[in-house]
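After this come two complexes, each holding chain A, first together with chain B and then together with chain C.
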Partner chain A sequence: MEEFSLSVAAFYFMAGLTLLGAGGVVFTENIVYSALSLMVSFFGVAGLYIFLNADFVAGVQVLVYVGGVLVLTLFAVMLTHQIAEIEVSNKSVGRVPALLICGGLFLVIAKALRGAEFFTTPGGQVSESSTYGIGNLLLREYILPFELASVVLLAVLVGAVVLSRKEVIAPDGTPVPERETIPLTEGQRVMSSPRAALAGAAAKQKVSDV
Partner chain B sequence: MSLWAIGAVKSLLVLVFVLQLSAFLLWIERKGSALIQNRIGANRANIFGVVPFNLGFLNTLVADPIKMFTKEDFIPAGCDRFLHALAPFMALFPALITFAAIPFGDSIVLGGETVELRVVDLDVGLLYILAMVSMGVYGAVIAGWASNNRWALLGSIRGSAQMISYELAMGLALVSVVLSYGTLDMQDMVHAQGRTVLGFLPAWGVFFQPVAFIIIFVAGMAESKRVPFDIPEAESELIAGYFTEYSGGKQASFMLADFAEVVVVAGLVTTLFFGGWQFPWLAADGFHLPLMGTIEVSALVVTLLQLMAFSLKVLFFCWLQILVRWTVPRFRYDQLMDLGWKGMLPIALANVVFTAALILARGEGS
Partner chain C sequence: MNLSSVESLAYSLPELILVFATVGILMLDLLITRKRILGELALCACGGAALASALLAGAEQGYLFNQMVALDGFAIFFKLFLSLSAFAAVYMSLGSRELDNEHPGEYYTLLLAAATGTFYMASATNLLMAYLALEFVSLTSYVLTGFIRASRRGSEAALKYLIYGGVASGAMVYGMSLIFGLAGSLDYATIGERLLVPSEANGPILFIAVLLVLAGFGYKISMVPFHMWSPDVYQGAPLPVTAYLSVGSKAAGFAMMIRFFYVALSHAGAGGVWATIEGLEWPNLIVLGSIITMTLGNLAALRQDNVKRLLAYSSIAHAGYILMGFVVLSDAGLRAMLFYIATYYLMNLGAFTVLMMVLNNSDREDMEAFRGLAWRGGALPAAAMAVFMFSLAGVPPFAGFIGKFYLFAAVIDKEMWMLAIVAALNSVVSLYYYARIVRTMYLDQPLKSDPVMTTDWHSGAFAGVLAVGTIVFGVYWRPLIDLADKSLVFFRG
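For the complex of A and B:
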């Protein structure tokens, strides 16, 4: 049995936070609460990274997942019309098959983890800062996967731009306007140049008075 | 245990510094805006009519917070009560803890122990600050969503779009800063700014990265959601934006968070570009004045001068932000997006490439 110390307590706190958040994501009905539970889980993972002396990874975890991905998720949730009332759980499959699939996945991951070989540093020596190591590895040894990942991201970026573009190009290459221009009604004419329009109206009224 | 005590004292010191400065900024803003707009400003402050002079300062620091926090806390019927209560904390918390990574003085020796004058000795200080700044958007998003009010929701959507856009430019500008310093550690950055170039000029970051300074300062002001970047709370369009449905202490928390972000931006800019706690020409043993030789100063005086230099620089940048806030009108939404995406982002990217090329050309890369 491991000796109970502050660091062990910190580990269990972080692990508990992660699991609690993950449970919240799955079990809350409200999608905004799910997103916020995911944030708790992300923070738990960031805490575990700090616990493992990987402060660079922890910072990136918070920056990318909490400050980026999750904010975009919330943004999408808010832009979606009345998403709070939508039933997000898929009830058609049922809980038993879901449990079977999740349990199977858990077994596979657990088996893979048990068979995996973990790198350990001899004598419990950990480097002071992981930033230099990560930078050197990414830009020297793993430069090809690193650049490939950025190409994938670029493809995603281009795809998003194509999807969200308003104008549609016809097969023969001519741009098709999305909607016809609406003719200006009287009210809009007044709003576009109120002074001239009102002055004209006043002039007309004067003429009719006479 | 003394480690814990020192840590606690430092945390408390910085927290009080940020909170006090935030409250003080409210008064500076009232008086400053009056100065800019040729008014007198907050001048109805007197204790029972017996004090012959104006106490506007006390009024803002004491009477206003008491008034705010004793007001009725109104919670609208259709709102999400839990998130409505959570949002002010989510706004205030990142703003208050960001300052933890900013050093406010050199390390001092106290009772045989070396004490670093910052709350946490982070190797990845800049990354931490960027992460905390990126969390600032949650307060606005959750407040707007929980309020169940269309103006509030519009405000929070605008806020999140704005903050995501400007974070990108800010992050890229920080990359060029990191490239030129070669570290993420804020204290190392300040140390690097302690030398002089050409014999007389303090080696402040602004002389090496002027473009990054402008981008980070502007993006930081956008993150603090104040005029000219206040479209999330544009009061002429959205009542009060994302905190329309807030009153009393919760609304005061949002205001305080905004001012705390002003302080954080000032601290960040000071540390990255204006030498942090470095007093010009002051080293650990005294002044090294160009052409005038060395004047020796005791260690205590050096520390005090450093603290003073840091505080004055932070105050200056707070004042600069207030000056901008009362000088420039609000951006329209498309102008704001144009500035962020078509203006600052390409310039920041070009700055990164330029900096990297320069470092490579000088052979410092490897």
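For the complex of A and C:
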């Protein structure tokens, strides 16, 4: 039994918070509760980072995960139409096999980890802020990954726009781009949404049918 | 040499060309109305990158960007190969009717971005860099797979790909973090040095870590049991994207895997023989993977009626064959792998090009679309397809036979009889479904309702070039094997 101290208590508090939150994500049935439990877990992880003297990573964790990812998730959950009425098709089936597999995996990894001798760097107390060091590393040793990450983000941004664009399918199956100039009667040209144009065309069709 | 960031730029011309073209096409898309120019520009960029890679061949070898990536014979071979793969993908996209009116600006931007990612996958010598490059290629591939929004199958495939990819790269990053914890470094050469000292206590966790990292690699090269995404994705994606995934991104996966397992987890001995670090017998694991991969791929391909899906299973089987060269831990094995990947480029892309011509003509990609192809105006495509099919099956005198010959030679040299026998049986099985396509094209009579096959000259010429390559390298393969031999240089500091 290790000696009780404030820092050990803080560690167990943070670790407990993380696990509690993670458990909440998995075990609550309501998806909004799941998202909120995720926030608890994220905060717990941020606390663990502070505990490890990684203040910069902790800040990023709160800003990116709690502030960005989680809020976005909540938006997605709340803005999805009729989420309450959708019958959940993925009712957790096969709990027992899942428990056995995951439990077995956990035991194997835990056993292997307990015996492992991890690489340790010599050195004593690190006390100053890590931000300075990270900034230096990012722009010196790790400049290539840093720059490549920006290209990745650009590509992902373009990809997200491509996948989320609205597209209307014309009756013959060819997709109509979002906005294009469509000639109207008497040589008028206006910018109009293709959806409206299609509706117009359909209406005209009906009239001619009659 | 070990260059810092600014000095390294002079040796990064291929990547720079691709990145500038990526951004340039995105911006030009706003200015010009003739969108075809964008594709042609992308084609030029891939050609330029291939040329720039070839010019690097004489350069001094070493580390670039503070040991993030290596510039060595191995990297240059793959850079050349990967830019040619991207070139083929762009070329096929220009001739594909599926992709007409499908936002060419964004499409070529993403395709070139993926190509940039594959370059770094092949040259990364650092876990962080390797992971970032892998994720780069994966993310762009997800979007390219679901690029045709009107195709439900494509959207479904993209989602499946995303979910499998997310799980695989999550497992991989966990494995990498364990390796970092054990070795205290992200650099491959340093990891290799520090793990060389055998440690009784660290054996189990190192094994688990390698297994987890293998999930990431296995997913990229579609090795069983991480292959589940590939039939659906190959079938759902636009055809040029499928062709690129099966050649470019798969080859990049192999390059990354070879570098990780050989540079970080093995050490070179005398006479071109490698040895694993003690206590970590990873080849046994991958022998099993190779056997299951080729068998499952071939057996599943037997029952397919959709030719695109059939080629997907065939591609899984070929990943199994290529892994044969991976497990023998010798330069001969690696050389056979590089040679096979190069010949696979010719024959697999050729098969996809003919399939695209048929798809353009009849809007169908199943076996019936090939019925009597030779007798309704498609004599040349049918002949080319026959060459590719027999080469994929490993029949002489085509390049695929020579490729298999080198792989078998390397395996038999190591006296791994079991693997050799299973692979030989598999080749026989695969002949059945490859020959079935040839039979449908030649021995079945076309029905009245089958459309007359018309081909445009670009796709025809491309298929022709690939077919000629398949035959030439089946008869005179010396230059290619010499190139593979010369490319087996790993810079380790």
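What to note about this one:
Here, the second predicted complex is superposed on the first by the 133 of 210 C-alpha atoms of A that agree within 3 Å, B and C clash if a C-alpha of one lies under 4 Å from a C-alpha of the other, contacts with A are read in each partner's own complex, and residues count from 1 in each chain.
Just so we're on the same page, a residue touches a chain if its C-beta (ideal position, glycine included) is under 8 Å from a C-beta of that chain, and two chains touch if they have at least 3 such contacts.
Fair warning: this is a prediction, and the values are worked out from it, not measured in the lab.
By the touch criterion defined above, A:D55 reaches chain B but does not reach chain C. When both complexes are overlaid on chain A, the residue A:A22 reaches neither chain B nor chain C.
In the superposition on chain A, A:L72 makes contact with chain B only, while chain C stays out of contact range.
Judged by the touch definition given at the top, the superposed model places A:A10 against neither chain B nor chain C.
Look at A:G115: by the touch rule set out above, it reaches chain C but stays clear of chain B. When the two structures are aligned on the shared chain, A:P145 is found in touch with chain C, with no touch to chain B.
Applying the stated contact rule after C-alpha superposition, one finds that A:V161 touches chain C and leaves chain B untouched. The larger set of touched chain A residues comes from C, when the choice is between chain B and chain C.
Counting contacts by the rule stated earlier, no residue of chain A appears in both its interface with chain B and its interface with chain C. Against chain C, the residues of chain A that register as touching in their complex are 108-109, 111-113, 115-121, 140-145, 148-149, 151-152, 154-156, 158-163, 165, 167, 169, 173-175, 177. Within the complex, the chain A residues that touch chain B are 32, 36, 39, 55-56, 59-60, 62-63, 66-68, 71-72, 74-75, 77-79, 128-129, 131.
Considering their complex, residues 80, 83, 122-124, 127-128, 130-135, 137-138, 141-142, 144-145, 153, 156-157, 160-161, 163-164, 167, 184 of chain B touch chain A. On the side of chain C, the complex with chain A involves touching residues 5, 8, 19, 22-23, 26, 64-66, 68-69, 101-103, 106, 109-110, 113-114, 116-117, 120, 128-129, 132-133, 135-136, 139-140, 142-143, 146-147, 149-150, 158, 181-185, 194, 199, 201-202, 204-205, 207-208.
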